[in-house]
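Next, two complexes with subunit A in common: one pairs it with subunit B, the other with subunit C.
After this line comes the complex of A and B, so read on.
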């Protein structure tokens, strides 16, 4: 950091970029309050009926429930697997750690559609299709890189001798990890968990190949309803998602100051 | 409290052997320093004793227990790191309590033990602070309190004072010695600071390239170094090439010195070590001392001491240290001088193949 203030043109450009990036969000939020039965900007009139429509529609409620169960389940599993894997990789407990790390991170760079098709073929091959478990496994694959990434970053930021100190003071390996290493990497893990959760929540390309009729998630439902014609209830559900995300980020930041690990 | 024994301990990393067949027996309550240049394997030995790395061979015993294959938490040791390695998310109190809690202590008994340990390092009342709110010296003392609180059988230190400034380091040395005396805990102390090793230790173990060169009391290490390496590593002695000739050591055709070292083997090439402070510029009249005629080539003043570079023999030089307030305090370059060295201060050691 230096204490030079940005010049006026820089500030202006920065503000314009921020506004430009936020335009879709603003449009969606505004449109969700419109009384018309089609999306329009500026909104005509002011109503909450689209929110009511969403929150009483069993299809939407079911999709929200599916998405939450999936995101929480996938994040929990990814957390356990990802943290354990990162720890082993970081301590170089396995030969070929670098190669394994790249492998675990590969879902970040492989196009999601490719992963979706690949998983579909794989699950068909092994005789699993269209169930919740399949979807959950697929979401673990796409969310685990976020956990691994933030766990590795956090681990490299701490002095490993603290864990050795704990072991010399009578803690076995797991206790030392639980009482010393884990609290120290917690902010990073919270950041990773949020990324993982959001990634699972918003995923369409992988989910669409694998979700059976009873596993429709919120983004899939939005996606299909947009195909059938847009009404402001889509904007309303999107607005709800935006509000939920902002709240989660706000409180997570307050509790852990995780932004340093993003 | 127990003795600590290393028996033919070896550590190999793939093809390199960094600790080569080290055997060391430390008595109960003894303070031993491992001293040697960077990379000679001191930390490696310490970490093997702690159980943080596995030896490739040999056995390590604490008391009469073979701990070679035990994990660190089963060894009952206290380790103080160079980096302190305090737990940043815990208060000073909880840092010190960590080892006690692992032993199942809690409540008032635990608080009393923590208070006792903090008082010992003069940090009573600092319990509620976090490590980041302490100075380097205070953090170091918390690290010590944390290590001693569970009453370990063996205390291990890895250059614990090297991050402190010179003045604080002197204070902490005394503190540390006092603490170790009071507790009577067997201590292995790694350092590359010879003054620190000599002043703190009951015995010093000088190492080079993973091999013990000498393991003896500080006085012996200083006065009777066993090898040319030890002689040159401790202090900054004059180091001259010589040859054994008729029960004396010859520096050149004319100049022969008497010595109390082993002078057997006529014609054997040797190295001669003479400490700067062992050379006298004042004539004593004592017939048993070596007399060396020379000429002052250079004078350098450093407060209480003056150093002279004196040219002797055909083309050799000796650095001589003298008190600046004495009669030999202001000799000018070019002046002829007569140097006196007692035979016991002329150390003759076999010439090493690789210097």
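After this line comes the complex of A and C, so read on.
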């Protein structure tokens, strides 16, 4: 057994690669506390002024709010529609379940930028471009595959006879689903919702074609401001996102054993 | 029959959203790609031309962008494979206590906002960035190296961003390799390297292929990282589509390029799934 353990060189390379994965994160955090507008190693001075700049800037605050509203809204809608559709597929209520499943997953296969331009053209044509509802629908399209994937995976792991038992005891279909099936698939759904939320929060290639001036999301704001040059307030807002990601990952891991679902 | 009605009721809301905000828009992209575009005039109504598609292979600039995109796809895939395999191996075969922390350290960058990760690389690679400053301070170089707005920066950034996908795919593949098989080969006198080459590597081939396809497809359709690290001059297909729609307003060219990109990814996924099925049939 023991001689299948990774050798020292393999272990060293692997650990270096894991460090490589964290480097940009470390650098961004250091840059956000640094006095100088360009990061030096070691950083010179320690300041919170960039955070103050972000948290008093109405453009950043607006973008953070837009991102959160959009991500929560899209995830909620995707969750309701996605779980309903997955349940119908799982119980084989419709013919051609396999084809329908591929259809629901297809937004993952088409390059995001292509979805972006297709929606841009279509919603310009019908005169709805720039509306919040359009953005919300687009985000439902790109997030729903994650919900469907986790819902189908979770459903396939449960024993159908439990739900049948509830039905026999007089529960109607929805009650049986709500009280029996739903709690059983909850951990998977939480993981799926998290993926959906993160996907919506970080989307640029679809959002950038559809968002009106007042709907700028946080990643779009960072993306466009970087084109103007490196600004430490971008590092500060990035650090806030890094902290949020660490917290979310920590709690997701504690509640659902998140790494099993990735 | 009741269950059929319930099924339609449960499925149709999502189907309507997908039809209205995904399928129909994609289909409507097709006619645009055959329209003629005149600078300053816009799309010529009622025109029909194949020029937008011909240009992708015939025009030098377009061909360069397409080849660059595919080249980046290959380069990033190979880099992810070479860097990802040791990590996956350490996660699966290393100390059990390391497993969870290592897995979380791989997932963490994946969950972190893509724009933030690319921004981190800008801070590192820009002319007066961390890497150049460090190299100048140490005295290795005199003038800053050009690490951004070229193949170096975009390859590093994309490799960093898609590496976690590769690692997770390889972890799944390595978990399915029975240790007894490796132990048996070792007992029969194989060296460690030979065990790896003759047993472990072939048995993880499906994972290697799945991971490579995923990384390749993601790389050739990437927009954010190539634009942030490649700038407006180092174009790939996705950034060119973006510019044609947002800056040049040449929608016909943009839509033709979009179809070419979508077709390329669909084709690669289709071929790979057929290959995997055939393999599964043989095994």
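The rule is short, and it goes like this: the second predicted complex is superposed on the first by the 245 of 262 C-alpha atoms of A that agree within 3 Å, B and C clash if a C-alpha of one lies under 4 Å from a C-alpha of the other, contacts with A are read in each partner's own complex, and residues count from 1 in each chain.
To be clear about the criterion, a residue touches a chain if its C-beta (ideal position, glycine included) is under 8 Å from a C-beta of that chain, and two chains touch if they have at least 3 such contacts.
This structure is a prediction, so every number in the text was calculated from the model and none was measured.
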Worksheet item: Clash or fit: subunit B and subunit C on subunit A?
Response: fit
Item to complete: Return first, second, both or neither, reflecting whether A:144 touches subunit B, subunit C, both chains, or no partner chain.
Response: second
Worksheet item: Just subunit B (first), just subunit C (second), both, or neither: which does A:164 touch?
Response: first
Discussion item. According to the stated criteria, A:105 is in contact with first (subunit B), second (subunit C), both, or neither; which is it?
Written reply: neither
Discussion item. Looking at A:184 after the superposition, I want to know if it touches subunit B, subunit C, both of them or none. Which is it: first, second, both, neither?
Written reply: first
Practice prompt. Determine, under the contact definition given at the top, whether A:173 touches first (subunit B), second (subunit C), both, or neither.
Written response: both
Discussion item. Just to be sure I read the superposition right, which of the two partners does A:53 touch: subunit B = first, subunit C = second, or both, or neither?
Written reply: neither
Worksheet item: First (subunit B), second (subunit C), both or neither: which does A:68 touch?
Response: neither
Worksheet item: Between subunit B (first) and subunit C (second), which, if any, makes contact with A:201: first, second, both or neither?
Response: second
Fill in: Most subunit A residues touched (candidates subunit B, subunit C)
C
Worksheet item: Taking C-alpha centres, what angle do subunit B and subunit C open up at subunit A, rounded to the nearest 10 degrees?
Response: 100
Discussion item. After superposing the two complexes on chain A, what is the shortest C-alpha distance between subunit B and subunit C, in Å?
Written reply: 9
Item to complete: Could you tell me which stretches of subunit A are touched by subunit B in one complex and by subunit C in the other?
Response: 173
Worksheet item: Tell me, which parts of subunit B touch subunit A in their complex?
Response: 50-52, 71-73, 75-79, 81, 83, 85-89, 98-99, 102-103, 146-147, 150
Response to the item:
Touching subunit A in the complex, subunit C uses residues 3-4, 6-8, 10-11, 13-15, 17-18, 20-22, 24-26, 28-29, 32, 83-84, 86-87, 89-90, 93-94, 100, 102-124, 126, 128-130, 133-134, 160, 163-164, 168, 179, 182-183, 186, 192, 217, 220-221, 223-224, 227-228, 232, 238, 241-242, 245-246, 251, 254-255, 258-259, 261-262, 265-266, 269
Discussion item. Under the stated contact criterion, what part of subunit A meets subunit C in this complex?
Written reply: 1, 3-7, 10-11, 13-15, 17-18, 20-25, 27-28, 31, 38-41, 81-82, 84-85, 87-89, 91, 93-94, 100, 103-104, 106-107, 109-115, 117-123, 125, 134, 137-138, 140-141, 144, 173, 198, 201-202, 204-205, 208-209, 218-219, 222-223, 226-227, 230, 234-235, 238, 241-242, 245-246, 248-249, 253, 258-259, 262
Discussion item. Applying the document's contact rule, which stretches of subunit A touch subunit B when the two form their complex?
Written reply: 159, 161-162, 164-173, 175, 179-180, 183-184
